[in-house]
Amino acid sequence: MMRRSAEQLDDDRMLRESARNFLEARCAWMPEPRSAAMFADWHREIAELGWFAAGLPEELGGLGADSFQGLSLIEEAGRVLLPLPLATDILIMPWLMRRLPKALASLAEPLAAGRARFGIVREDVRSGGLRHMGGKLSGRGHLSLDAAAATHWVVLAGMRSVGDAALLCVEAAGAGFQPVRLLDGRSGALPRFSGSEAAVVLATGDEAIELAAEIEDRAVAALLADAYGALAAGLALTVDYLNQRKQFGQSLGSFQAVQHLMADAFCDLETLRSLALWTATALTGEPTERTRAAASAKIALGREGLAAASRLIQVSGGIAMTEDYRIGHIYKRLQVSAALHGGTESHIDKLAALSLPPTGRNEG
Amino acid sequence: MQRFIFEAECAAADAPPTSVFGVYLVGPTIYSFGSEEQKRRYLPGIRSGAEFWCQGYSEPEAGSDLAAVRTTARKVEGGWRIAGQKAWTTEAHFADLMICLTRTNTAVKSQAGLSLFVLDMQAPGVTITPVITIDGAHSVNSVFLDDVFVPDEALIGEVDKGWTYAKFLLNHERTNNAQVHRSRREFERLKAAAALCIGESGRPALDEPGLRRRFAIVEQKLGGLEVTVLRVLIDQTQGREPGPEASIVKIIGSQLQQAITELAMDVFGAAAVVAPEAGGGETAGWTERHLFRRVVTIYAGANEIQKTIVARSTLGLR
Amino acid sequence: MMRRSAEQLDDDRMLRESARNFLEARCAWMPEPRSAAMFADWHREIAELGWFAAGLPEELGGLGADSFQGLSLIEEAGRVLLPLPLATDILIMPWLMRRLPKALASLAEPLAAGRARFGIVREDVRSGGLRHMGGKLSGRGHLSLDAAAATHWVVLAGMRSVGDAALLCVEAAGAGFQPVRLLDGRSGALPRFSGSEAAVVLATGDEAIELAAEIEDRAVAALLADAYGALAAGLALTVDYLNQRKQFGQSLGSFQAVQHLMADAFCDLETLRSLALWTATALTGEPTERTRAAASAKIALGREGLAAASRLIQVSGGIAMTEDYRIGHIYKRLQVSAALHGGTESHIDKLAALSLPPTGRNEG
Amino acid sequence: MQRFIFEAECAAADAPPTSVFGVYLVGPTIYSFGSEEQKRRYLPGIRSGAEFWCQGYSEPEAGSDLAAVRTTARKVEGGWRIAGQKAWTTEAHFADLMICLTRTNTAVKSQAGLSLFVLDMQAPGVTITPVITIDGAHSVNSVFLDDVFVPDEALIGEVDKGWTYAKFLLNHERTNNAQVHRSRREFERLKAAAALCIGESGRPALDEPGLRRRFAIVEQKLGGLEVTVLRVLIDQTQGREPGPEASIVKIIGSQLQQAITELAMDVFGAAAVVAPEAGGGETAGWTERHLFRRVVTIYAGANEIQKTIVARSTLGLR
């Protein structure tokens, strides 16, 4: 990000422009929910555009694109509030296949072609977590954005101790979940395991924990790119609205109070963007730095991101309270993102632990 | 003061909120400015709840700026013809009657030239279109008024004096909009839920230090607001009408209402972003309330408008 | 407060007006520090006005005035940023003498006459606390606003356990302290005890803990009254300044951004006032409610109070950064108050413990 | 970019801050707009630190509104006579030279008609009066200019074009005012102190959950600002002058500078409100910094002005 060559920058720009053109032409936001058939069409077309193949290494038939390019696709999808989850297939699986070619190489071509779709299943501590013992998987998964439509699940089990940690690949067809509708209209799944699911072990112990940590950080990076795209589009929309709409005989945009709320929203947005960029850069770096960046970014999503969306609603007034207007949907999308992959408060705790010196206290 | 205690008890008992527009807004307006005939005709129905009212103030081009009202009332034989569009009309689809702000004098600008009428929602020419809000629910509407006839007796007070009456009504609305009892009740329910709810770390949510701190700060602010509202009510019982200081309780009260549901979202975590038909249980209602709650800093005079009023009227800045 | 008779309200008004007249005539705020001789004069004149006698019960030669009246005197003193600490002699000692007439009655007349002056000494946990064992007092006291000028100290020792708790009265002449200058120009003391001080035991065990809790809550009520007085005067001063001063060809007060900052400051101020009033009312009530009110008020001092003062500085601009202008001194006074009798964060913890239901967790 | 790294290293090594006005503000102005003679005369002294500069922009009636500058420069034989009063002149009492904004054309209003001069602080007619600030210290001054003579060569660039040059300088000041390195260094020192300092409950301050949470939030915001400043610098290295986005780093940076010392006040508690001569030790400097720190949201274009610039120039609101 920080220092890309002129050639890379040109590539980035072309990729982003073609993605934006496609998304605006085919997937422009509208308030009405779309059909499952539409989702399937989109997914097929996106596969044809090569979005899933891009990040795969060349030896697996990919283009070896880096995370920045994947994230810019996700950001563009965020601009139109695409209800299709792409992050795992674009940003996580190509990287994981590069890391674990032996176990996953056979799925690379199906991923690239859009036939295989992946979902991340994290354990839900609230309901007792996920255990993998004696080859059997049991327990409940946390709310997953992409498990419902996936053909394969990447399961993060027992990550609270090295002895229990296992990273698994499970065929979704044999696994159960409760489908749920999310606040922002997207679909989610609450996975559950009975012990009868066929699970391929990808890694255990320290390796599983390290991979799981990177999966989480990549998932956060994707949430941030999505949120930034959504908010940036929302900010532009709001500027247009404020310059058009009149109250007390002036354009809304000419009121100092409105201008300052918008300036605050812009500061929020730029903080979000900076932390998203840091996280993107840190994906290729040292794990502690990477996790510190991701925790900072996730906090920004929950604080600055939601604050910016709230401000856009506030300055827009009543219209932003209607289901037909885009701004409310941006707010809801961010609210969902804030709750996924660890809430804001838990990332605050995490960042405190990662950045504060030890004091020799005893933790409860 | 009696109302404060009455509402505190109602909220504590989870009683359904009484019809806000009838009891707190239309009632006082008709009581203060209506004719004897209007008082006889409408007040009993408001008291008993037999007739349900909605408020026809806001318009597509006149949200916080009521002076921009475009709906007109044209004098005709025996009454008036009202034409225009009202927006953000809460519960219009259940209402029997509307208190309707219209322009009766198009020659003068801004606040002057407005009049208040009582309008029968069953009258010919009234069309109600639902507006689905951010929480996916239907409580507000657009109301189209296509040359609706109202008789002369429907005029409240004098022609072209509607702004004075409307301002009175808005002041009442502001006090009411502190919503301190509802906030207290919601907050106590949230505390109870958070003591039981398991947080992301596996501890009860109420043991998470960050959440504890935020609960304490809401507790402090809510305590402050409760006393501020009492202070406003004491002024009222001493015979003063709600003055500009009522604007403070709307500002603080609305921020607090939002802080409570924001806290709830963090207490319930992922469970709170699952839509209600699947969720239920402890999070039931919180999510929709949280979304719709964004309106409280916008309606009844956006907080930015309230702050300008506080600065100019209360503090005397110019 | 909430419901006072017309007669009481008249009394209140007269008392407040006479206090304001005296303070504005004799103790008007000025940037230059005042001499010790001036402080002694003021103290004598205030005693002559009967401020210390007012709260004493009639049987001890007082007027039986209630806490509201005492607090309104303290609030008025706050308006002129009086550098003389009055809270203990006006609000705490008359009440304590009523509670412990046997031990303290002989000091009532000297208090009323201004010959006896009292200071509160709390233990400083940071430096090991205060212990009273075998009739000897040892350890260090917390920063005290009024110990330096006092003839007698009321010492709160060992309050962390019932077995150690002791409330004591110590003659200041025999006790040592490090004098310190405070941020806002006032004097303070860091008391220390070597075991040789003559200490009269006022109460021990549960009774000492109960009395100490009420002393702390009364001290907080006084800090709040003082802060409210200071801020209310500062707000009025700022309104005048903003209406006079021009920038970009308009009065500063006409800018919407300035107006909204001032509206925010006013909201802060009114929240502070409401919590101060609640605390004042709760002084005569049930202990848990009283402490909850005082904790809420103290949080408001540290948050809303400092925020309001910061906003007054911000809207005033450069002038508020100078030593010659009153607003900066208000900020400094509040900063000192926020650090006394428990900081903001510790009162947040306290209020959480007092207002949240138990969860059955184990505290570290 | 090199400056970013240079400053990061200086801050980490606790080096004394270099003269801000000379190196970052006057230097670029003379380099960009000065004559060859001026560059030869002044740049070496700036680089070596041999000559110390102060900035004569603000006036009693012109704080954030530089268009209101009243100090005049009157053309005389061989030069100009400068008369007026400058306010808030930081380090004027140490300065050898002032870069002085004056009105050369009183016929036109506002921004037009201003010119920039180099003024020798030793010249007859210059009187410096100390202004003691909220922290009890002397760093700013009022400077009275009583018909001070400057030669023709003292004019920077063209007559009446001073506003253009001053704006350029202010943009530089804004970027510099993010103070990201100083904030990082201060914050790391505060963390180390808080790990050792015992809080009111008897635990290390850094174990108090409320403080931990606030530390984490500052960490997050500071991390964000560091990247934002880098983004601005990358724009600069790609040949663009600091544009309106530089206003964001001033807003966020100043808020963060205040958040850090506010946190310090709560970490050190009562020890932080004891004046320095008695306190010393771990709190040394924090208290005064905290007080003086209120200025950062006011100077160099108050944050309210910056927000208006962001809204209008960056976002295009009108």
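First chain written, first letter: the chains are A, B, C and D, and each begins at residue 1.
The definition used in the following text is that a residue touches a chain if its C-beta (ideal position, glycine included) is under 8 Å from a C-beta of that chain, and two chains touch if they have at least 3 such contacts.
Bear in mind that the values here come from a model prediction, so they are computed numbers and not experimental data.
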Exercise for review: Please identify each chain that touches chain C as well as chain D.
Suggested key: A, B
**Study point:** Distance-maximising chain from chain C - centres being C-alpha averages
**Key:** A
Review point. How big is the gap, in whole Å, between where the Cα atoms of chain B centre and where those of chain D centre?
Key: 47
Point to revise | Cα-centroid distance, chain B relative to chain C, in whole angstrom | key: 40
Exercise for review: For chain A and chain B, let me know how many angstrom lie between their CA-based centres, rounded off.
Suggested key: 37
Point to revise | Between chain A and chain C, centroid-to-centroid distance (C-alpha), Å | key: 52
Check your understanding: What parts of chain C, by residue number, touch at least two of the other chains?
Key -> 255-258, 260, 348-349
Revision key, fill the gap. Multi-chain touching residues of chain B, meaning two or more other chains, are 209-210, 212-213, 304, 307-308
Exercise for review: Between the chains shown, work out who touches whom and classify the graph as line, ring, star, complete or other.
Suggested key: complete
Study note, to complete from the structure: In their shared complex, chain D is touched by residues of chain A numbered 2-3, 235, 239, 242-243, 251, 253-254, 256, 258-260, 262-264, 266-267, 270-272, 274-275, 277-278, 292-293, 295-296, 299-300, 303-304, 348-349, 351-352, 355-361
Point to revise | chain D - residues contacting chain A, complex | key: 191-192, 195, 203-204, 206-207, 212-213, 215-217, 219-221, 223-228, 230-231, 234, 245, 248, 251-252, 304, 306-308, 310-312, 314-318
Check your understanding: Which positions of chain B touch chain A when the two form their complex?
Key -> 58, 61, 63-65, 67-68, 87-88, 131-134, 136, 140, 198-202, 208-211, 258, 262, 265-266, 269-275, 277-279, 287, 290-292, 294-295, 297-299, 302-304, 307-308
Review point. For the complex, which residues does chain B have touching chain D?
Key: 209-210, 212-213
Study note, to complete from the structure: In the complex, chain C touches chain A at residues 255-257, 260, 362-364
